[in-house]
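Note that chain A is present in both complexes that follow, paired respectively with chain B and with chain C.
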Partner chain A sequence: MSKLAPGGAEALLRRYEGLSSRLPGARLPWLASLRAAAAAAFRAQGLPSRRAEAWRYTDLRPIAEVEFAEPLLSVTAALPLPAQRLPRRAVFVDGRFREGLSELGDNDVALGSLAADLPAAEGRLGRLARPEDHPLTALNTALFEDGLTVTVPAGIDAGGLELSHFVLAAERPLACHPRHLIRLEPGARLLLLESAQGDVATRYLHNPVFEIEIAEGASLVHVRLQQEGEAGFQLGTIYARIEAGGTYDNFTLNAGGRLVRNEIHAVLAGPEAACHMNGAQLLRDGQHADTTTVLDHAAPDCRSRQTYKTVLSGRSRGVFQGRIHVHQVAQRTDGYQMNQALLLSPEAEIDSKPQLEIYADDVKCSHGATVGALDADQLFYLRARGIPEPVARTMLIDAFLQDVVDTIAEGPARDAVATAIADWWRGRA
Partner chain B sequence: MLKIEGLTAEVEGKPILRGIDLDLPPGEVHAIMGPNGAGKSTLAYLLAGREDYAVTGGTVRFAGQDLLALAPEARASAGLFLAFQHPVELPGVGNALFLRTALNAIRRARGEDELDAMQFLKLVRERMRSLAMPEDMLKRSANVGFSGGEKKRNEVLQMALMRPKLAILDETDSGLDIDALRIVAEGVNALRGPDFSALVITHHQRLLDYLVPDRVHVLIGGRIVQSGGPELARKLEAEGYGFLQAAA
Partner chain C sequence: MPAVTETVETVQAATEGAYKWGFETDIEMEFAPKGLNEDIVRFISAKKNEPAWLLEWRLKAFAIWQKMAEPLWAAVSYPPIDYQDAYYYAAPKQTTKPKSLDEVDPELLKTYAKLGIPLKEQAILAGVEGAGDTPADGGRMPIAVDAVFDSVSVATSYKDRLAKEGIIFCAISEAVHEHPELVRQYLGTVVPQGDNFYAALNSAVFTDGSFVYIPKGVRCPMELSTYFRINAKSTGQFERTLIIADEGSTVSYLEGCTAPMRDENQLHAAVVELVALDDASIKYSTVQNWYPGDAEGRGGIFNFVTKRAQCRGRRSKVSWTQVETGSAITWKYPSCVLLGDDSVGEFYSVAITNNRQQADTGTKMIHVGKRTRSTIISKGISAGRGQNTYRGLVRVAPTATAARNFTQCDSLLIGDQCGAHTVPYIENRCMSAWTEHEATTSRIAEDQLFYCRQRGLSEEDAVGLIVNGFCREVLKELPMEFAVEAQKLLQISLEGSVG
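Moving on to the complex of A and B:
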């Protein structure tokens, strides 16, 4: 044992030491050694601190202070799950797949629990999400119990799939670390609507890691509704690799949780691949949400678009960090990044850090950021038409979010986001 | 309907209105004319409740209430409508949603039933036809990318939907083509009656040909320097404000 990770990190490691022989796949040598290496990496690094450049604006001490336990095995059925919106749905409770609550549909798509078929994940699990690169990925690798695996075969349009994660009420704080493996073979298509919710009064850590492989000409639309409980923490990390002509569209709504990080690493690995990363963050008093994107343009003729909008009220804090790395080979890169914040209160704070690193010479790459309050003339105009001030403010905030929500082309997913935003308003009233 | 007495107001310490007295009885239409920068829009905004101005003296009574004590939305619910000289663009707010929300807010305040989407659409289409407005203006964001004349028509459409007791039109005729000018005037004339008054701010005699005012007031340097009948507007059109500047 080289260096003891402090506080909650230590408790998480003890968890690993007590559990490792009982974790799924414990008898698979490749996985046991991957987990052991991940635990060692986490032990060496601990939870990220603000001394690390990538964590300058997000302080994980509120998480480090908590002693998280693993979730109990529960069979309780009463779940306030939202109505199913797409033909297929995979439901996870406390990080574990629940077949009885899921609706996986036809077997043209390989779809199911990671824990149920771990031998098939050899060579795939850990390929994009490497424990040595990221302490939270290391933690997830050491402790994951389950997750979703999806493989959409070449040329198949798998339609819509929901991935719903729910954390039940628990007396002791709990942590779950689901690992999701998504693979689209050449020309395949999938709409993945992910939602994350949890009991309002339970302290929990949801630490999901996604490994997403998008082969030549394949297209994944990944819409995420982060609506964690008020005392919940979500630290989510996505790794996506997009081959030639493939597309990855990510939209993330951050509208819940106490402290949240949405971290996306995307690599445009083949020519003419595209990546869209958009999102909205709606923050109330006491909430902290961080969106961090790392985009690698590693091939020529690729296109990327990012627009994030954050609405902050009370004493809330938002963070956007966006790094675009254009490699030397990535000629004719077309990149765009925009980050806009609407401050509804003088105590709210937004930190914005764009970072362009361009090593190719024929590149179109721009970024921008705006921070503002509601427009006094617009507010007066609406009120002069008889619209009460709170309604007028809501209308203007919805209008601020409108164009980024409209980037979601798929109707059912866009409706789900609009509903989640409306629910957020209702929760506020 | 509207009674202004000794109203003085300033912006950032600079006096703009220097004592306005104006009595607008129910059923009458009054015009306000005056050179650029005289304070006409300031008066209009102040009556509608804009907060940029500090009232330093005087009173305003509207339909038996102390107007200056009311929030802007309460003034609108009480029946006051301002057609803005520069209608505000609302990117991301669909015009249909804007119009319906505004109309229903007023209806709720009056104790009337709110209109559902279908009822609203029927009503608004009818009003738009009479204002010769193309229907695609409902789908666009309110006032965004509208031409100057389209913005003004959209203001008149709001007035026609809300049926106020007091309409203040701030240069609604500026930027309108000749046909639109007549349509706008007809829109106001259609509301005319014993319970409707209008305060029409304009630089041009032409609007007043269609919308014959009961009184014309000349505002210069933050004061009403002269009032008279419709013939005063014709005299100003012919001679300019020169003969009144001395009085200001």
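Moving on to the complex of A and C:
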């Protein structure tokens, strides 16, 4: 893979060399060797440059230029924690679990800090997220300090869990690489509402990696609110494996951050598994947001649906890359993908690459992509009825977003997304 | 191939449905030594008696090519090509002009007959003196043909009639001498020497091809056609076509290609450049029927082609139509750069891969001018162990206000060993532009097959009928004679893929 000139990547590696003996689990041989292999993989791959096909629309130079430090152990007095929306909440600050701020609820669900119980993660950590496949996963594996582990036992409906991540104000740019391991045993259910926020003035890199295992008949709804600070970078990668009859529903709202990548790799590994990936990207001046999905249909009779919408204003840039790979065994696959973008400014740019790769013949796969401005006829219709232009525009943009927001089941998660969209409007005004 | 449909049946019957153009013509050939170096480039240039500027242009291309790496991003796989193990120049030996058909090398005439070229046009193509002065018989709409045999253009028909309209239609090697100012003005301005690996190679060693110039306001009275054939063993064919449509002119151009059956791979790296000025319109149709290799994937043509059009003028229009049934590997992206305001680009494509064929094909539509419009309709059919990829780019520059694009890519899979892939790139930097893309992949529906079978059609005929229906939107864009031929080709290409 083509890589960017060293600099930022070198600095990140130096951190690993300086820290490796102090990182959590340093005395576990399997983990130490996994981290060493990951560091070597990152050294070999570096931060990807735009010459790499998967990164042709997202330029990581702004990140490569920064020398990030590891976060200091902070004692926080005031954290702008919003009210808790779901019965359980796990709070992370600068990549580290904060028990005092969290509310883990009953112990029917194994839930807690990854760093506190690393021996239990052997065989699980790195099973889906393999450092040799992805430089940012390699970086995360080499440097992660903490993360959330969740195991929902068979047949249990764990209800709702919030995963809230904050980055506090810091003088030096900081990087955190949390690693989250989520497992649903057969027939288990969970609603995971994830939010990511950060100090507006701090330059930071939030590089989370999720490994999500969904066993037979289990169902995970994963709603993500990305509202990073204005100078923040988020490069998030999710690996999900869905067994027979299981369901993974992902919704991602990209509304914050300066440069953001939301990358999802999902594998439909057993018959009749389903995956829904939806999302909205709301971008204002100076922002760059990238949604990249790779969906592997590796078993017959699976179903996938994707809808992504991007609204671009100012000098912003939106990217959508979606690949559906249907393996030869995956007969009777039903796959659909739609991505739409609304350009509100003459300086905005959208790049879209929907991709179908099909090796089975009994399939029904389609994708669609549209890009355009607000419809002048619709705007005229509303204005002819006495609605002032700014209000009419807002109505049309809301309507554009509505059908993707409606893919989330009614309840606190959808309300949280609606609130975040309303916050974006307020911030924009 | 010039479109004469009755020959399809006769030749098909003769070869029992196998590759029907798989004959080799045994005529005396003149070769340049095998391999590629600066001397070969000089040799080709000297052989063609080229002016110094063209030799320099070739040498510059060769220097660029040597520094370039072969592109590997396409979804095709093949053993590495040894560029030193091919002949870069092969020409049928010719002395003086024959006086009548009796004096023409009978092997060459046989070739024309097998291709289904009428006798009258055979005479013209073989360069018989005085032929071509009278119109073709049968009241049929004549088609002007330029036949390129391995590396050289062997003959062009109806030249005089076209000349009356001021149209230039000749071999590019001839144009270099007779119309140097036009060639020099336009050559390499659409596809520069260093555009890509294969275009650079072509620029260095191109041997012949067609040159067309349509003067201001002229509507070309007949279809222009080029027929390409690779005949000699171990030769590459590197033709270069340049078409210029001056203000307000219109032209329709057909291109056909075949090659004999051989069990080694042969290289074809052509460059086609189209220039449309104000209000001009160019329609470029291709039926690509190079030898696809046998059922096990032995042999076949590697078809690495660069085709690009520039709509330079306002309200100019370029329309590409292609039916790709041949070649072991197809790597081809006919593109339009829409520079002039209100210019229009179109791309209609049918690509079939059967047995072990691989095709990576599509288009690029680059919108620069205001209110530019483009339409892309691509139909991919995969059967046997074929791999078929649509790869396309729609780019809208900030200057292309109110530009419009519509793209539709449909794939059809026949059998569970083949693959169909869609890789569109959409890059929009203009708020008032509107782009739409849709793609579907499916197989032939059981109920459609059942319906046809119930009415007494054999399974192969039923598949042929359904496939023709699937491709109808593209086939209707072809000139009439070509469309009939193309439908038959589709059916032949899919033989053995069902049952």
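Observations, loosely collected:
By our rule, the second predicted complex is superposed on the first by the 423 of 429 C-alpha atoms of A that agree within 3 Å, B and C clash if a C-alpha of one lies under 4 Å from a C-alpha of the other, contacts with A are read in each partner's own complex, and residues count from 1 in each chain.
The working rule: a contact is a pair of C-beta atoms (placed from the backbone, for glycine too) under 8 Å apart; a residue touches a chain by one contact, two chains touch by 3 or more.
Remember, predicted model here, so these are calculated numbers, not experimental data.
Upon superposition of the two complexes on chain A, no clash is found between chain B and chain C, which fit side by side. Legend: residue contacts after superposition of the two complexes on their common chain; A:Tyr359 is shown touching chain C, with no touch to chain B. Once the two complexes are laid over each other on the shared chain, residue contacts for A:Ala369 go to chain C alone; chain B is not touched.
Of the two partners, chain B and chain C, it is C that touches more residues of chain A. By the document's definition of touching, of the two partners only chain C reaches A:Ile350; chain B does not.
When the two structures are aligned on the shared chain, A:Glu53 is found in touch with chain C, with no touch to chain B. Applying the stated contact rule after C-alpha superposition, one finds that A:Gln328 touches chain C and leaves chain B untouched.
Once the two complexes are overlaid on the shared chain, A:Glu65 sits clear of chain B and of chain C alike. For the pair chain B and chain C, the minimum alpha-carbon spacing after aligning on chain A is 15 Å. Touched by chain B in one complex and by chain C in the other is not one residue of chain A.
The part of chain B that touches chain A in the complex is made up of residues 48-51, 71-73, 75-77, 82, 84, 87-88, 90-93, 97-98, 101-102, 105-106, 109, 141, 158, 162. Contact residues of chain A toward chain B in the complex are 376-378, 380-389, 391-392, 395-396, 398-403. Taken together, the chain A residues at the contact with chain C in this complex read 53, 328, 331, 341, 343-373. Within the complex, the chain C residues that touch chain A are 73, 398, 411, 413-443.
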